[in-house]
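Submitted below is the structure of interest, expressed as C-alpha cells.
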Amino acid sequence: MSPDEAGKAKKIGSSPWVFHVNTGGCNGCDIEIVDTLTPYFDVERFGIKRVSSPKHADILLVTGPVTRQSYGTLMNAYEAAPDPKLVIAIGNCACGGGICHDSFTALGGVDKAIPVDVYVPGCPPRPEALIHGALLALGKADQKITRKTYREDDNGEARAPV
Amino acid sequence: MNVAILALNVVLAIIAAPLIDGLRRVITARLQNRAGPPVTQSWHDIAKLLRKETIPPEGAGFLVSVLPALTLTLSIAMFATISTVTTQSPIEGGGIVFIELAILSAFVFAAAGSASRNPYGVVGGSREVILATLVEPSIIVSLTTLIVLRGSTTLDDAPIGLGFGVPLLVAAVAYLLSVLAEGGRIPFDVAEAESELSGGPLMEYGGPPLAAMKLGLYVRSLALFSIPKFFLTALLPPGSLGEGLSVTVIALYLASLLLCIILVSLAESLSARFRLVEASRFYAAVLALSLVALVLVYAVPGAR
Amino acid sequence: MKNEIVDALSERFPGSIRGVTELRENLTLLELGKEDVPRVVEYALGSLGGTHMTMAGTDYTASLDQYVIDHVLGWYDRGLLLVLRTRVQKGDESFPSVTPLAPCADWYEREVKESLGLTPVGHPNPRKLLLSDDWPDDLFPMRKGFKNEAPPPLRRDAGFTFNAPEDAGMFNIVPYGPYHFAIHEPIYFRFHVDGERIASVDLRAGFNHRGLEKIAETRMTYETVPFIAERVCGICGSVHAEAYTQALERAAGFEPPERAKWIRVAILEMERIHSHLLWLGVASHMVGFDSGLMQFWRVRDRIMFLAELLTGNRKQYGMIVPGGVRRDIREDKRETALREVSTILREYEELFDAALRLGTLKARLEGVGPLSEADARRLSVTGPLARASGVSMDARRDYPYEAYGQLEFETPVRGEGDVLARTIVRAYDTFESIKLVKQALENLPGGPVHAPIEYIPPDVTSMGLVEGPRGTDVHYLITGGEDTVYRWRVRAPTYANLPAAPLMLRGQTLADASVIIGSIDPCISCAERVIVVDEASGRQRLVSGDELRGWRA
Amino acid sequence: MSGILKLLKIGVTKGRVTRRYPAERTPTPEGLRGRPVLDFDACIGCGGCATACPANALTVEEGEKTWTLRLFYGRCLMCGLCEEVCPKDAIRLSDEYELATTNREDLEVELQLLRVACSGCGKYFTTRRVLEETAVEYSELAGGYSDDFRDVITLCPDCRRRKWGETIADAYREARYES
C-alpha cells in the first residue's frame, strides 16, 4: 500500500461509508455486497455503512466491467465523492473485465476509467473476501497474495518462484 | 442564567448525543440478530466527516453553507435550555425556549434540504415540513401539560411531589409517542427515507456540513429524549433532591434515556416505514392524545 | 399430433403461411412473408390467447444474403411453441413493425433495429434500447461482420431523448437512478411528478449491456457458453445455464443421464429459494422494513452455505453443462443437505409467520402498483408478476423439463395484481421450492451425472425454456458449425416484465416507486438492455448529458 | 400485532449469528472453488488450460525460446475447467479466497518454460517438457529410447512431415526399383 493510500485510510479511520456503483455487473457481486451487511457477516462491526449518495461516500465499491453507458455515471459518482476517497474494484469484471473483458460495449475493468486502490477478485468474491478487501483498503489487514514468476533455467532446473 | 450549567450542557450535548445514537444502533442490530457497530460508532462518523473535504451542492448558494451550522446551533441551544445532570435549569422559563427551538430547528433542517435543489432534497424537505407541522403540536401540547402540572415554565428537576395521576400518564405517553416520531428513524424516517428518497434533505451534503447536520439531528434527539425525566422527578417529594449534581437525577435521566432508545429501536426493528399519509394519521392520533391529557389536567379535580 | 394453433392460423390466413416445419414435438416453425407478420402475431396473441416469448433477428447475409427474424409465441395451457419466421433481404433492411398491433414487441424490435440495422417501419418509438448514448447509429454489433475488437471511441457528451410528460402542466422531473439506494443495479427512470404523484414515466437502461451474446457467438465454444450464460445474471445464473443447455441438448437430440436431471432440479430450486428470499428481503428494505432485509437474508445465507457445500461456490454454481452436471452430490453431502433444508424450512416458516403478518408491512404493499390481468396478457409479462395478476403460467408445469414431470409441486396464483399479491406469490413459491429440493434430494436416482454429446448438427433452431425465479427464461439458439453457436438470444424474464413498470407506476406516489419497480424483481443485468417505454407519449425533448450529470446518483 | 411479537421473539431468541471473521475463520467446505494455483514442477506447457479457459484468464505467449503461461486472477471465474483438462494436475483449485490486492500486478502469475529447437531446421517449436513427456510416452512404443527415435522426436512438425514424406518417397522409389 502506498503512503498516499495509507494516509487516506487513516483519515477515513473506523467510519468507512461505502457507495456502491454497479457499472454493468451481473448482480452476483452486488448481492454479495448486500450480504456482508446482513446478520452472518454484518460489516457494521467495522463501522462500514452503505450510503445512498456519493457525496457521503468514503469508499466507492465498483462492480461490473464499466459498460459504455455506465462510464459517464461512474465518472460522476467518482467526481462527486469528497476526498479522501478510496476505490475498491469488486469482482472479476471490475478487476480485469472478467468474462466480458473483450466486449464491444465494456471498457473491461474499473482501472481503465478511475484509479483503483484495492482489487478484490472472485466471481463473485465470498463475503469474507469482501471483508478482507475492505480491511485491506483501510490498512487493517494484510495482503495474502503477491505476484509470482516462475522461470525454467537453462539446465532445466526449476528456479521458482522469482 | 447560569453560564456554568449552560456550558456543561453544550459539552454534554456534543459528547453524549452521538453515544445515544450509537447505543440505538447497537440495540437495533441485536434485535436483528447481528453484532452491530461499537457504541462509539456515531462519534467516529462525525469525526471522520470533519476530516473530509466539503463539496458544496451544485447550483446552490449562500443558504447551503449556513443552514447546516444553523441546524446544529439550534439543536445545541435547545438542549442547553433544560436541566440535565443538575437539578437547576440554566435558563428561567427554558421550557418555552425549548419548544420554540424545537420547532425552529425542524424547519431549518427542512430548509437545508430544499436549499440543495436536489429533487430528492426538495421532496424530503417538503415532507419534513409537513411532518413537523403535524408532530410539533403534539410535543407542544404534551409539554404544556407537564408545564401546567408542574406550575413552572422552567424545565428543571425541582421535585414538587406531584401526585401521580391520569393526566400526567396520558401526557407522558403522548410525549413518548411524539418523541418516537421525532427521532427520524423507521417507521418515521419519511423525510430521509433512504430506499425512497436516498436520504432526502441530507443527500447533497458531504463532509463537515453533513457532520453538522448529523450531529444536529443527534443532539435534537437527545434533547427530546431528556424530557421524560421531568415527568419522573416531578413525582419526587419536595426537598428530596439537593442542589447541583444529583445521583438520583442522573440515575433517572439514564433510565429515561434508555427507555427512549429502546422504544426507538423496537419501533425501528419491528415495523415498515410509514407513508406520509399513515404517518400523518399516527401523528393526528398522538396529537389527540396529548390534547386529551391537557383537557384532563383541567377536567380531573385536583390534577394540578 | 394435431396442432390446433397451426390449423387455426392456416384457416384464418390461408395465403400467408408459406411453409410449416415441425422442428420437434410441440415446436413448429411457420414461414411468413414479412408484411403478414403483424396481423398473424396480433391474431395469435389476441384471439388465440398466445404469449409472446421472444423475438430474434439473425444475420445470414454471408450465406443467404438475408436476415432472418423469428417471433416465438407460446401457449402455456397447451405446452406449445410456435416460431414465426420471416426473411428480410439484404439491401432492403426494413420490415413492418408489429408493435402498433402488439405492444409486447416494442423492445425486441428496437433491439433488432440497433443491433442489426433492420428498421421496424411504423414503430411508434424507435429509440435506442441497449446500446449506449454515444454509440454511432450506423454501427450494428450483432451483424456478423462486426468485430468485438473495434469499438468506437468513448464520448461523454452524448445525450438521450426522453419523453415529455403526457399531460400539459407543471411537473417536477424526479430522476430515479441510475444508482439508487434501493436498486442494486443501474437503471434510470425519469418520473414526472405532480406533488408526490407520478404522472408519467420514462426509462433508460442499457447501463448493464455487456454484449454477452456477441462474445458467445465469437469467442466461446458449446462447452464454455454455460459459463457466460451464468454470468448473464448473478442471481439466477443456473437458470440461464440450464436454458442454454436445454436448447443445445434438444438441438442435438440428447437426453442427459437421469441422475443429472434430478441434480439439476435440486440446483435450480435452491437458486429459486435464495432468489425469493433475497427479493423478500430487498422488498422489505424498499418499504423501510430493515429487519425484514436482515431476517430474510439470515435465512438465505443458510442456503448460500449449502450451495457452497454442494457446488463449491455460493453462486455461479458452474454445475449445469451440456451433457449433465459437473459435480455429483456425494451421499454424505446429500444427507447434510437434507438436514439443512429442513432447518431452512423451519426458519422460513417462523419468519413467514412473523414478517408477512406485520400490519405496517402489509399496509405498504396492499393496493400498490396494480397491474390488471388484461394488461398482463397484453404485455406478455411472465413469472410472479403474471401469476399475481391471475395469469396461471409456469414453465416447470407447462413445458416440463428435466425431472419436473415426476415431481409434485403447485403454482401459487393470485388475482389482486398488486405488490402484496406478488409478495404472497413469491412467499408461497418459496415453500414449493423447498419441497422440490427435498423431493429431488430424497429420490435422487443412481447412475452417472454426465455423458458426452456425440454430435450437434449445424443450423438447428432450438429453444430452451426454464421457469426462473422471475419468470420464464427463454433461450433461442441456432447451432453453428465448428463447435460454436451461430445465434444465441437470451430473453430474460425481466426483459418481458420491465415494460410493465411505467404502467404500474403511473398515478402512484413517489414513496411507493421503489417497491413497485422492485416488485418486478428486476434483474437489469438479465434484461441487459433497456430504454423507453411510454408508448402513449407524443412529444419528445432532448436532454443533454450535462443535465444527466447534474443528478448524480 | 402478532407479527410484531413473533418478530420480536425471533430477534430475542435467535441471538447473535454474526461470524467473527477475520478474528475467527469459519472452515471452508470441502471442494470450495478458490483461486487456482500452478504447480511449476508439474506443468509441461501444453496450453490446454488456456484453451479451455472461458474468460481468457489463462493466456499463453509463445516467444522464440520461451513459452509463457499467464494467469490473471482479475479475470478468473474459478470455474475449474483448467483443472479438469490439465493432464499433469499442474493447475488445481485451492481453498484460498482472500485475493484482495492493492496492485493489479499482484494478481498475476507468470510461468515461463523453455522451448527446444528442432534438430532439423533449428526452429524452436515446443517446450522441453512437452518433448520429454512425449519421449517418455512414445519410447515404449518405439521399443526403447534409440538414436533413431530421438532423431524423429526432436523434429518440429514441419520437419517431421518432410522426413515422413522423404521416407515414404524413398520406400516408394525402392519398391519401384525392385519391381
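As written, the chain order gives the labels A, B, C and D, with residue 1 at the start of each chain.
By definition in this document, a residue touches a chain if its C-beta (ideal position, glycine included) is under 8 Å from a C-beta of that chain, and two chains touch if they have at least 3 such contacts.
What you are looking at is a predicted structure, and each value in this text was computed from that prediction instead of being measured.
Engineer: Both chain A and chain B are touched by which chains?
Structural biologist: In this structure, the chains that contact chain B and also chain A are C, D.
Engineer: More C-beta contacts across B-C or across A-C?
Structural biologist: By the number of C-beta pairs in contact, the winner is A-C.
Engineer: Rounded to a whole Å, what is the gap between the Cα centroids of chain B and chain C?
Structural biologist: Computed value for the inter-centroid distance: 48 Å.
Engineer: Centre to centre, by mean C-alpha position, how many angstrom separate chain A and chain D?
Structural biologist: Going by mean C-alpha positions, chain A sits 28 Å from chain D.
Engineer: How many angstrom between the C-alpha centroids of chain D and chain C?
Structural biologist: 36
Engineer: Indicate the residues of chain A shared as contacts by at least two other chains.
Structural biologist: 38-40, 42, 45, 51-53, 55, 80, 98-99, 102, 123, 126
Engineer: Which positions in chain B touch two or more other chains at once?
Structural biologist: Correct list: 31-35, 194, 198-199, 203, 269-271.
Engineer: Can you pull out the residues of chain C that are in contact with at least two other chains?
Structural biologist: Within chain C, residues 180-181, 219, 227-228, 231, 291, 294-295, 298, 313, 316, 358, 361, 553 contact more than one other chain.
Engineer: Edges wherever two chains touch, nodes for the chains themselves; is that graph a line, a ring, a star, complete, or other here?
Structural biologist: complete
Engineer: Once bound in the complex, which stretches of chain C touch chain B?
Structural biologist: Within the complex, chain C touches chain B at residues 172-175, 180-182, 193, 196, 284-292, 294-295, 298, 358, 360-361, 363-364, 509-514, 550-551, 553.
Engineer: Quick one: which bits of chain A touch chain C in the complex? Just the residue numbers, please.
Structural biologist: Result: residues 19-35, 38-40, 50-55, 64-65, 67-73, 75-77, 80, 98-100, 102-107, 123-124, 126 of chain A touch chain C.
Engineer: Can you list the residues on chain A that touch chain D in the complex?
Structural biologist: 1-2, 5, 39-42, 45, 92, 95-99, 101-102, 109, 111, 116-123, 125-126, 128-129, 131-133, 135-137, 141, 143-152, 154, 156, 158, 160-161
Engineer: Over in the complex, which chain D residues touch chain A? Could you list them?
Structural biologist: 16-19, 21-22, 25-26, 35, 38, 40-41, 54-57, 72-79, 96-114, 128-129
Engineer: Touching chain D in the complex: which residues of chain B?
Structural biologist: Interface residues on chain B, with respect to chain D: 30-35, 266, 269-271.
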